[in-house]
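We just call them A, B, C, D and E in the order they show up, numbering each chain from 1.
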Amino acid sequence: MLKIEGISAAYHSIPVLKDVSIHVPKGKVVSIIGANGSGKSTLLKAISGLIKINQGRIQYQDQDITAIPAHRIVGLGISLVPEGRQLFAHLSVQDNIRLGAYHYFKKSNRAEIEQSVKQAYQIFPILEKRSKQIAGTLSGGEQQMLAIARALMGRPELLLLDEPSMGIAPLIVREIFNVIVNLNQAGTTILLVEQNAKAALKVAHHSYVLESGNIVLEGIAAELLHNPKVKEVYLGG
Amino acid sequence: MILKRITILITICLFSIGLLISCAEKPPEPKKTYKVGALFSVTGRTSFLGDPEKKTAEMIAEQINAAGGINGHNLELIVYDTEGDATKANLALKKLITQDKVSVVIGPSLSGTSLAVLPLAEQHEIPLISCAASYKIVHNEKTGKPYKWVFKTPQTDTMAVEAIYRRLKSYGLNYIAIMSVTTGFGASGRGELLRLAPKYGMNIIADEKYGPKDTDMTAQLTKIKGIGPQAIINWSVGPTQVTVLRNRSDLGMANILFFQSHGFGSRKNIELAAGAAEGVLAPLGACNIAELLTAYDVQRDVAMKYMQDYKTKYNEPLSSFGGHAWDAMYMVINALTEIGDDKVKIRDYLENNIKGFVGQHGVFNYSADDHNGLTDKAFAMVIVKDGDWSLAD
Amino acid sequence: MLQIAKLPIAIFAALIITFPWMAHQIPVIDHYADIMVFVGIYCLITIGLSLLMGYAGQISVGHAAFFGIGAYVSGILTTNYGLNPWICMIIAMLITAVIALLVGAPSLKLKGHYLAMATLAFGIIIFIIFNEEIEWTGGPDGMPGIPGLSLFGFKFDSVDKYYYLVWAFVLAAFIFTANIIQSDAGRALRAIHTSEPAASAMGVDIAKFKIIVFVYSAVLASLAGSLYAHYLNFINPSTFDLFFSIKLLIMIALGGMHNIWGAIIGALLITFLSYEWLHYFEEFEVIVYGAILLLVTIFLPNGLVGVPEMLKSWVRRKN
Amino acid sequence: MNRLAQEHVLDVQGVAMTFGGLMALSNLNFQVKKGTIKAVIGPNGAGKTTLFNIITGSFPPTKGTVKFKDEPIENLKAHKIADRGISRTFQTIELFSNMTVLENVMMGCHTCVRTSFLSSGLKLPRSHRKETEILDRAMKVLRFIGLGEKINEPADSLALGEQKILEIGRALASEPELVCLDEPAAGLNETETHVASSLIKAINAKGITVLLVEHDMKVVMNISDEILVLNYGQKIAEGTPEGIRNNPRVIEAYLGGEA
Amino acid sequence: METISFTSQLFQYLITGLTVGSVYAMVAVGFNIIYNVTEIINFAQGEFVMLGGLIMVFFHVGMALPLVLAFPATVILVTLVGILLDRLAISPIRQPSVLTLIIATIAASILIKGIAMFIWGKDPFDLPAFSGRNPITVMGAVIQPQYFWVIGFLIVVVIALSIFFDRTIIGKAMSACADNADAAKLVGINVKQMILLSFALSAAIGAVAGVTMTPISLMEYDRGAMLAVKGFGAAILGGLGSFPGAILGGLIMGAIESFGAGLVSSGYKDAFALIVLLAVLFFKPSGILGDIEISKIKRF
């Protein structure tokens, strides 16, 4: 479904990704794990068009999307849940969710949109209770849910998640990962970037380990879970 | 090294651009021309003064040259735009003197710029005929006499103020409110209103101001309304003097006698006031009211001709400010015709031979003690009646 | 790249010294020396502003006020009280310094657009005072009769003499400012501009430095004002209005504010454009002026001093 | 003077920090011994950078005290703290990009060698002398950190590793007693990381106390004498590298618990 | 001789202040719309007002179009100018910094002023009042019908904008850009288009201000700069980015000028407004409602 071929990217002329290739098959959960600063987030930003890449190609469903600007990527069926949530902090929960449907808002009728909103609330019931609240005042976990809900409103076939567990209490992390599994079972392909390696490896089918912008390990997620090298990447040798 | 190169490059550019423009500007001219310089505030916030002045001066120069020039000499009019800026006026006058080598200068349009360049004219000994109102231009406070080289054509504020005060006195009114715009024009008029009030027994019970770009003067007028004067005198130019009239009529103050300054002299103002100018009085020079002048008034012919010429050429109503340039231009032309383009001779001619000169704004009589040459007859008190001027008597 | 080497200053000085002579050789630019007097006066302001805006990164839209305070204090003290112009000049600078300190201390805590508004408001208030206090300032009509300058009997009474006087001040201010830029203090200013957190981590007292530069630039503007008043022998408020503050801003931006040479080039270019060259466009003057500004802002983001750098990188790309 | 107190260069007592209701740090206590290297680690969002910002004076803590050499510094402005002898680097490199390498380090000398505006404007001999002094010191630092060859290059033209090194050098120029390094190895490759770790060791060998935040565990484990582990703004462990490596709470915090 | 009681005077000052302030408020709202999306202060905002007045004169007086046609036509034309401004002056700038953008908008305002002078000349123009010039007397104070139009249009603008930002997806999208441009891109919002839209909107509001104020105060080519300064002052006074702040700021500025002129000194009235502005800034550096949280949350 998504094929990344040898991409390199730099941030302020500092190389962050070096010749990274990744393949995400349809219907699977693929995770990318690695310590801070290994280039995970940059990879997702590159896919969703927020940053330019210097080299390589990104192919999505047989279409080259390397040079497509960010605001058109979502229309192709790729939604990103960015690191740190990146909500519209001064808008209400409702508005955040509705804006998720922005790219097809004009083409569809109200009822259809409301239907999607309802679905989002079904996945995260807490958000319905908070629907009038200003997004910036939500707790970290709720914000993360809202960010996912917003991304889902874009009706993605491929959902990119950037560190959904960051700064969130373990109980909520579990809830969010449950949602991720459910979404995948409902047919959404997922590319998950996580620092929380155990959690990520548990839900993923296939996994890549990124270190300093290079893919250092790759394999079936369940196998990687017990690979001592993973611990080494995180906690040092 | 880069910096060095830039410096050199810039300097070369500077020189070459200056050179190019100047070369393109001045093709060599074989026959001797009379050069007259002019400084008007053609653009900027005081363009309502300089623009008609420039148009008038250019029109006259064209007419003269079309008629064969002055004794066969072509008249070259060099106009610089001061934008009402003292620095620019200063630079431009020096350029007129040292580079263009003109023999006489008309302008500047404003009292401020005139005062700014006055010492230069004295220093370089070149006759200058200012088109600005302030009496300070032709009155050296240290000597009590006029400056040697400086003349002016507009009536001074003093005359306008005296005309108004005399009229008020004849009506038996003496509790008055004054309003003025915070520009040179307004401030100078306000100064004269305050200075001359005791002489005419006037009690100024309100002294209000507003900015040249203000959109509403209701507050000032409300305050005046609260005090209840017998008459209001407003000193301004441009759109504010119309806004004042409108605000006044809105506030139901039309029954209080209202005077405008001589800056009101354009029919456009009556038009813009949309009825609110009815009954307003203003002291105006002849050129505003040419049609109203009786047939045997000496000024009628010149005023009518100027008005028609101007309308034909520029297709816009005459403004009284253009008349100041007309007066200055013809004084200069007379001088050039009579004695040629020697600076000293021109000055002497202006001082001694401008006697009974019939101009747009009055009959001028210059003398060693008077470089303005106008009497209080230069103003006629005019009232707005049925959307047009009418003599107030 | 920010080194102010001795050679360019020497060349600059040589150009300045020979300029009047050169100008007098070519009749059509004979009066350029006269314009250069004003360029010099404006350079004094822009040099200080360049340090304030380009190096310390603080916007001021109110420097016309300091220019005006210098001019009016000099004007009032010389004409009304007959004091020696040089003493008045120093008094004017002291008064300006105090006012700048009082205004700067609270203002410089503001950031970005708020600072711009505060300085702009200050500028307008001062302008209104010039206009309204007629007994002191002569009001809108201005103040004639300000005496010229003389030193030990030597009168600066011609364009060329005054030219050398003004440009001597400019050179001194330029070298003084260049020295500051190259010293520890200058580095601290540039540090503040790049990163306030890092600068304060280096021990730079940011508030203090901002104030010092603000006061310094105000005092230079005041000096320029005094020189202006004694040259023109006349001042009126409209010289010191908001539009002049904006013009100063334009000079800095057009010349390139990250470099003190930009201050000189900007003042030179804008002064010549508005006093001389644009004159030839008559009706279109304003349009041409606006268009030039816009084009420079769009295509030369680093101002005119950035041009060689741009050309270099262009050539490099070509090869 | 009390011997124990002297041993602790830095003493953090009960420090808490809240941002608009969000608790970034809560009731944090720890000390840094003179002449040691102490590392602060923890997952993203654990409050490490907040802690650094409080110590170096970017903002005061909501609660608690920070003592440097027995004197409270928690309410001092950043530049005052720098004057006292704490210098720092930044997570996102904050070099003065419009200056050369040399000038960056010279900027670091600001705390010790100060000249007045007037004397530097007039280039008085005094300011000239001080400028030379600054130059000497900066050159010494640059040779020490191994960037002596690149002094006239613009700071932002350096490679990332060199920029990190330069930032450390700039922090050293003020001859601090305590340097706080915020992720000195982030984004570096293996060789560069190695260079950075040896530099940190060399600094420590000169007697300067080092406090660092770092994600690269190889670096942390190799060079630190003591490690402090934060999670959700709280201290979850403190001790030697060996002890930390095998601490189950730390492993859980890092690799995640059951999900 | 007709006089006026002191209370009536005060009431009159208030009415006048609110009318003048409404114009400032509209200019300030225009500043905020662009500022919120782009963080640019568009100093050409005053020129939109000037163009609104003069183009309206052209349509309504020159071409004798009825008010209902001339008004929208004017707004559309000025909106086009706003769009051109963004496309020709703002979006081509490759390295935008605060100062570059300030200079660019100042340059644009000079350019627009120059073109207006070229088209309309330097004279002021009048526009007939929308519903006559027969004033109404309330509590001894006199109110021009046009005052109601000015204040009324401010209210209409406020309501229209609050509906736009609260109820429409495009409005939400614009707020979203202001809030978090990257996130906006992620949900498919074309940020550049939103910037363009913000210029169009604020030009339209400027045009409305110009059209409604011209029957009171006439209009000429160089009115823009002063209005921009006053409007900028109002926006800063209220707190940049806050719409309620802009309106509050505008009305306060207008009221201070009016009361200052009436009660203290008319020569210093502009100075009073600015001194109050400075005082507010020195005590609350982000303006009256300028707390970023509050301003952006309480859009309307």
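We take it that a residue touches a chain if its C-beta (ideal position, glycine included) is under 8 Å from a C-beta of that chain, and two chains touch if they have at least 3 such contacts.
Small disclaimer: the values here were computed from a predicted structure and weren't measured.
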Fewest hops from subunit C to subunit D - one hop per pair of touching chains: 1
Chains contacting each of subunit B and subunit C, listed by label: E
Between C-E and A-D, the pair with more C-beta contacts: C-E
Approximate Å spacing (C-alpha centroids) for the pair subunit B, subunit D: 72
Between subunit A and subunit C, centroid-to-centroid distance (C-alpha), Å: 53
Mean-CA-position distance for subunit E and subunit B (Å): 35
Inter-chain centre distance, subunit D versus subunit E - centres from mean C-alpha coordinates, in Å: 49
Contacts with two or more other chains, residues of subunit E listed in rising order: 117, 267, 270
Multi-chain contact sites of subunit A, meaning residues that touch two or more partners: none
All chain pairs that touch each other: A-D, A-E, B-C, B-E, C-D, C-E
For the subunit B and subunit E complex, residues of the former touching the latter: 43, 45, 47-48, 51, 182, 208-211, 213-216, 218-220, 222-223, 225-228, 230, 238-239, 242-243, 246, 249-253, 255-256, 268, 271-272, 274-275
Of subunit A, residues touching subunit E in the complex: 48-50, 69-72, 74-75, 79-80, 82, 86-91, 95, 98-100, 102-103, 105-106, 134, 136, 150-151, 153-154
Touching residues on subunit E, where the partner in the complex is subunit A: 169, 172-173, 175-176, 179-180, 182-191, 293, 296-297, 299
Residues of subunit C touching subunit B in the complex: 5, 7-8, 11-12, 15, 22, 26-32, 34-35, 38, 128, 131-132, 134, 139-142, 144-145, 159, 228, 232-236, 238-239, 261, 265, 268, 272, 275-277, 279-280, 285-286, 304-305, 307-309
In the complex, subunit D residues that touch subunit A: 22, 43-45, 156, 160, 183, 186-190, 215-222, 232, 245, 250-251, 254-259
